[in-house]
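Dropping the structure in here first, questions after.
Chain lettering (A, B, C and D) follows the sequence in which the chains are written, and residue indices restart at 1 in each chain.
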Amino acid sequence: MANFGGHAIPGSFFLLFGFWLTVKHILQHYWRTNQPKGRWRTPPFFKRMDYVEGGFQVFASFVGIMVEQFVVDGPHARLSNGDSWVKLMNWQHSTMYLFFGISGLALVCSTRFKGLPTGVDRFALSLALFVEGFLFYYHVHNRPPLDTHIHSLLLVAVFAGSASTMLEVFIRDNILLELFRACMFILQGSWFYQIGFVLFPLSGPEWDLTDHGNMMFVTMCFCWHLATALLLVTSTSGLIWITVSRCSGRGRDVEIGMRKTSSNSTSQKGLLEESDEE
Amino acid sequence: MANFGGHAIPGSFFLLFGFWLTVKHILQHYWRTNQPKGRWRTPPFFKRMDYVEGGFQVFASFVGIMVEQFVVDGPHARLSNGDSWVKLMNWQHSTMYLFFGISGLALVCSTRFKGLPTGVDRFALSLALFVEGFLFYYHVHNRPPLDTHIHSLLLVAVFAGSASTMLEVFIRDNILLELFRACMFILQGSWFYQIGFVLFPLSGPEWDLTDHGNMMFVTMCFCWHLATALLLVTSTSGLIWITVSRCSGRGRDVEIGMRKTSSNSTSQKGLLEESDEE
Amino acid sequence: MANFGGHAIPGSFFLLFGFWLTVKHILQHYWRTNQPKGRWRTPPFFKRMDYVEGGFQVFASFVGIMVEQFVVDGPHARLSNGDSWVKLMNWQHSTMYLFFGISGLALVCSTRFKGLPTGVDRFALSLALFVEGFLFYYHVHNRPPLDTHIHSLLLVAVFAGSASTMLEVFIRDNILLELFRACMFILQGSWFYQIGFVLFPLSGPEWDLTDHGNMMFVTMCFCWHLATALLLVTSTSGLIWITVSRCSGRGRDVEIGMRKTSSNSTSQKGLLEESDEE
Amino acid sequence: MANFGGHAIPGSFFLLFGFWLTVKHILQHYWRTNQPKGRWRTPPFFKRMDYVEGGFQVFASFVGIMVEQFVVDGPHARLSNGDSWVKLMNWQHSTMYLFFGISGLALVCSTRFKGLPTGVDRFALSLALFVEGFLFYYHVHNRPPLDTHIHSLLLVAVFAGSASTMLEVFIRDNILLELFRACMFILQGSWFYQIGFVLFPLSGPEWDLTDHGNMMFVTMCFCWHLATALLLVTSTSGLIWITVSRCSGRGRDVEIGMRKTSSNSTSQKGLLEESDEE
């Protein structure tokens, strides 16, 4: 898929996935911080979100593999034609999708079966990102300098995401790590678009793939993408937090009112102490 | 041992070891999760497993060293013949076996003597893997590109296993890490076979050791081995978990029945709460 | 800003910032260790310090960006003049300042809003340092050996600071890590001066940028800067600790005296035990 | 000090230091595991050991610096003779000693003043090892392959020691880490001897510094040194543990006997439980 579309499609998926993760984790964080300490059972709403996410990952990976295999100039599930390998690029992309599919499966299973070890979903996602980076790393040999450089910048986002997700296996429910993961997905998505713009410009002249100035600009541009991703994640999560606080604030008032009638002083005092402690 | 057999034998050992680890750790995990919190003494069955594992490691390492030294074209325990070193390859393999032997010894000792610091067995295993990777790293200089590449992919499995085992020194009884270790051993074993197939093909034409396409295929192939290893570990542990649950489920019903007659309400309530909380 | 001043200005800022951090953290540490365990609310004085620090970071970053853009030979906010990029160096510096500005903003916000996840300020600072190192890393290609070497030594200080700050996200209130961060800022500051002295000597002959002896000296010189930074942080914090202990010692005596009149034995016994335990 | 003696002297120091650390930490570990949980005050004996160790470090570093500066062909505290740097090698060694001196000072201070943050001694030691490795890393450029290789193997021991010591800042009183540190010092010491033997052979022919076989042998030899270091640390600590257990076993019997007369059942039951739990 060496064209603009071939970079825009995965880019869009990663962007969307990053936003979805931001929304999901900020809602979970809100729920965690506003929960009295006794009740720790995940509400069905979050489980359903995880089912949707995992199921979508499995579905998208399956579609991705099929498309990579059976496009017009694809390998059509043939690996070798006797003399040489057939369309290794498409096979490599299929392999990447496979691991994201496994990650989706792990998420569904770990939501469904309580017996599975905690963190197995994060572990599988970290592995999927590692495999993506691992394949890209050997993907980019023997190319012009700017091409190599722009792809190796992608690896920074991929491996940073993989490392932070691996950390989440051991450090659970840390909102910073969760949002950082979302941020890395958004960064990866927007950087895919950038790669598309640089290597296959929609209009205007071609980029000089050997110019040192271009490489310096691209490096800096990566930092701007990072800043934008941070801004997007922060503003999205801020907006959602405020919205949810208002909605549930009203809901809670009602709840408190209801509690008041039955057991007056206790519940309210508990709420006040809670907001104090934080 | 530069032939197919020389790669198949260690490969088989690592494969078997990986499966053994999967079985052992999933049984231990089952036992841990189904234990009431008071009783934390390791049952004799697990101790016996550890003795068997450690003893086998020591034995296999000893046999390995002997074979490497006293095969027909081996060094016969001579290190130098005055002018140059004798069969350094065999000496290096012997050194690797030595450290796995030390690791086996550490496992036996740490099972036998309670005073030894916890984690000393994992530490020794991590060191053995590190030494293996360390020697392999300097092993592969001055070889054709594909040969170097296929061996350096082995290092990924070896060092990943070493790192995760080192982590186990500090994070105890984490089933994810334990199964990951098993997975890395299986990956290492199956990759040894792959190396054998590529460098010493049993039938068909020789591989072109300088072709870029071959290198890209081998990289991707490593990911498939990883996926297969994950599948094998997951399905094996799933199967064992279900089997053990059924068997002990029946056993427990009997146990509960027996407890019921003596102290009726307390024990059962405790069991229900337990399965709820998890 | 390829002149001595261009290295002295950021150097001075980093030196000052390092001293400020030393003073702030040693005061916080004193307050932490001398606090009875019940009261854990940050006093307003420390909040005000954080506001000042964050506000200053934002202000200085803004000024820095403006200066880099609108100096006489700056890019004047133009990125490209059709054919090539305009003054990428200035743009890169602006990008670095931008991330330090974000870090300052994060500090102000996390001090102001209690709901923000703990550690978000350290995370942003770590990111700012990482971006600084990341841009410098690609900054120094195609330069004479000594120039490259002296800049890559700067990276040691930058990345060490970034890593230790990232660690602070998870390990809170560890005075060693906090002072190490301060030390890394001082080292960075003094090393900026050193770079200025070497590349743009104020007097005397130019340095031979290809001499191996010069490179060896510069490496060793970096260690001396490190030793000096350690000495400065240690002596500063020691001095402040002793000063504060004396001042508050008198204050405490009064406090104890006051408590004595009301609840005699309890409070004093608690204080004695406290100083014992440590 | 480019001769055999120049490698044997630091080697002997590191060997001795490694043994000292083994003895010290195994005694501390014995004391920790045999202490009832209430009493956690370090006995004066261990404090005295730390004073001796720190004092010796400071003294040896001072002597080392003096020797490096004022030997016959030393720099005599002159850094530059106008045109070029004077004896940078000796200056680099002096710098290494300086940091070990700082580490000794930190140990003495952290033993003397209870207010210092825990782990400051380990931090300083880790830094000293890092600086040693850092200087060695740039030390070995432009040398024959075997010379470079044998020195870079030394770096493995140095950086592994530095990393594990840094870990000790956060993971306190872990006997495995402490003995690993001792092991790395012994390895470093014995490897200094090996470097001396290879580069300045006392008898027999010179080593061919470009032969690939020699490099492979040296790599393997490093692993044998590691195995020997492990054996030495294990056997030393085992011996000391058994000796101390016997001695204090008799002492304890007496103690128990004395306790028995006063408060019979309680104390003994406590001791039994203790040895059970472990």
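Here is the rule we go by: a residue touches a chain if its C-beta (ideal position, glycine included) is under 8 Å from a C-beta of that chain, and two chains touch if they have at least 3 such contacts.
Chain identities (UniProt): A, B, C, D = Transmembrane protein 45B.
In this text, all values refer to a predicted model and were calculated from it rather than measured experimentally.
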### Task
Give the rotation angle, in degrees and rounded to the nearest 5, that superposes the C-alpha atoms of chain B (Transmembrane protein 45B) onto those of its identical copy chain D (Transmembrane protein 45B).
90
### Task
Specify, for the interface formed by the sequence copies chain A (Transmembrane protein 45B) and chain C (Transmembrane protein 45B), whether it is same or different in terms of residue numbers shared by both sides, with half as the dividing line.
different
### Message
Please tell me the distance, in whole Å, between the geometric centres of chain C (Transmembrane protein 45B) and chain D (Transmembrane protein 45B) computed from their C-alpha atoms.
### Response
32
### Task
Could you please state the distance in Å, as a whole number, between where the Cα atoms of chain A (Transmembrane protein 45B) are centred and where those of chain D (Transmembrane protein 45B) are centred?
45
### In chain C (Transmembrane protein 45B), residues with contacts to at least two other chains
none
#### Entry: Pairwise chain contacts under the document criterion
A-B, A-C, B-D, C-D
### Task
Would you mind writing out the residues of chain D (Transmembrane protein 45B) in touch with chain B (Transmembrane protein 45B) in their complex?
29, 33, 156, 171, 174-176, 180, 212-217, 219-220, 223-224, 226-227, 230, 241, 278
### For the chain A (Transmembrane protein 45B) and chain B (Transmembrane protein 45B) complex, residues of the former touching the latter
84-85, 88, 91-92, 95, 98-99, 102, 114-115, 117, 119-120, 123, 127, 131, 134-135, 138-139, 141-142, 169-170
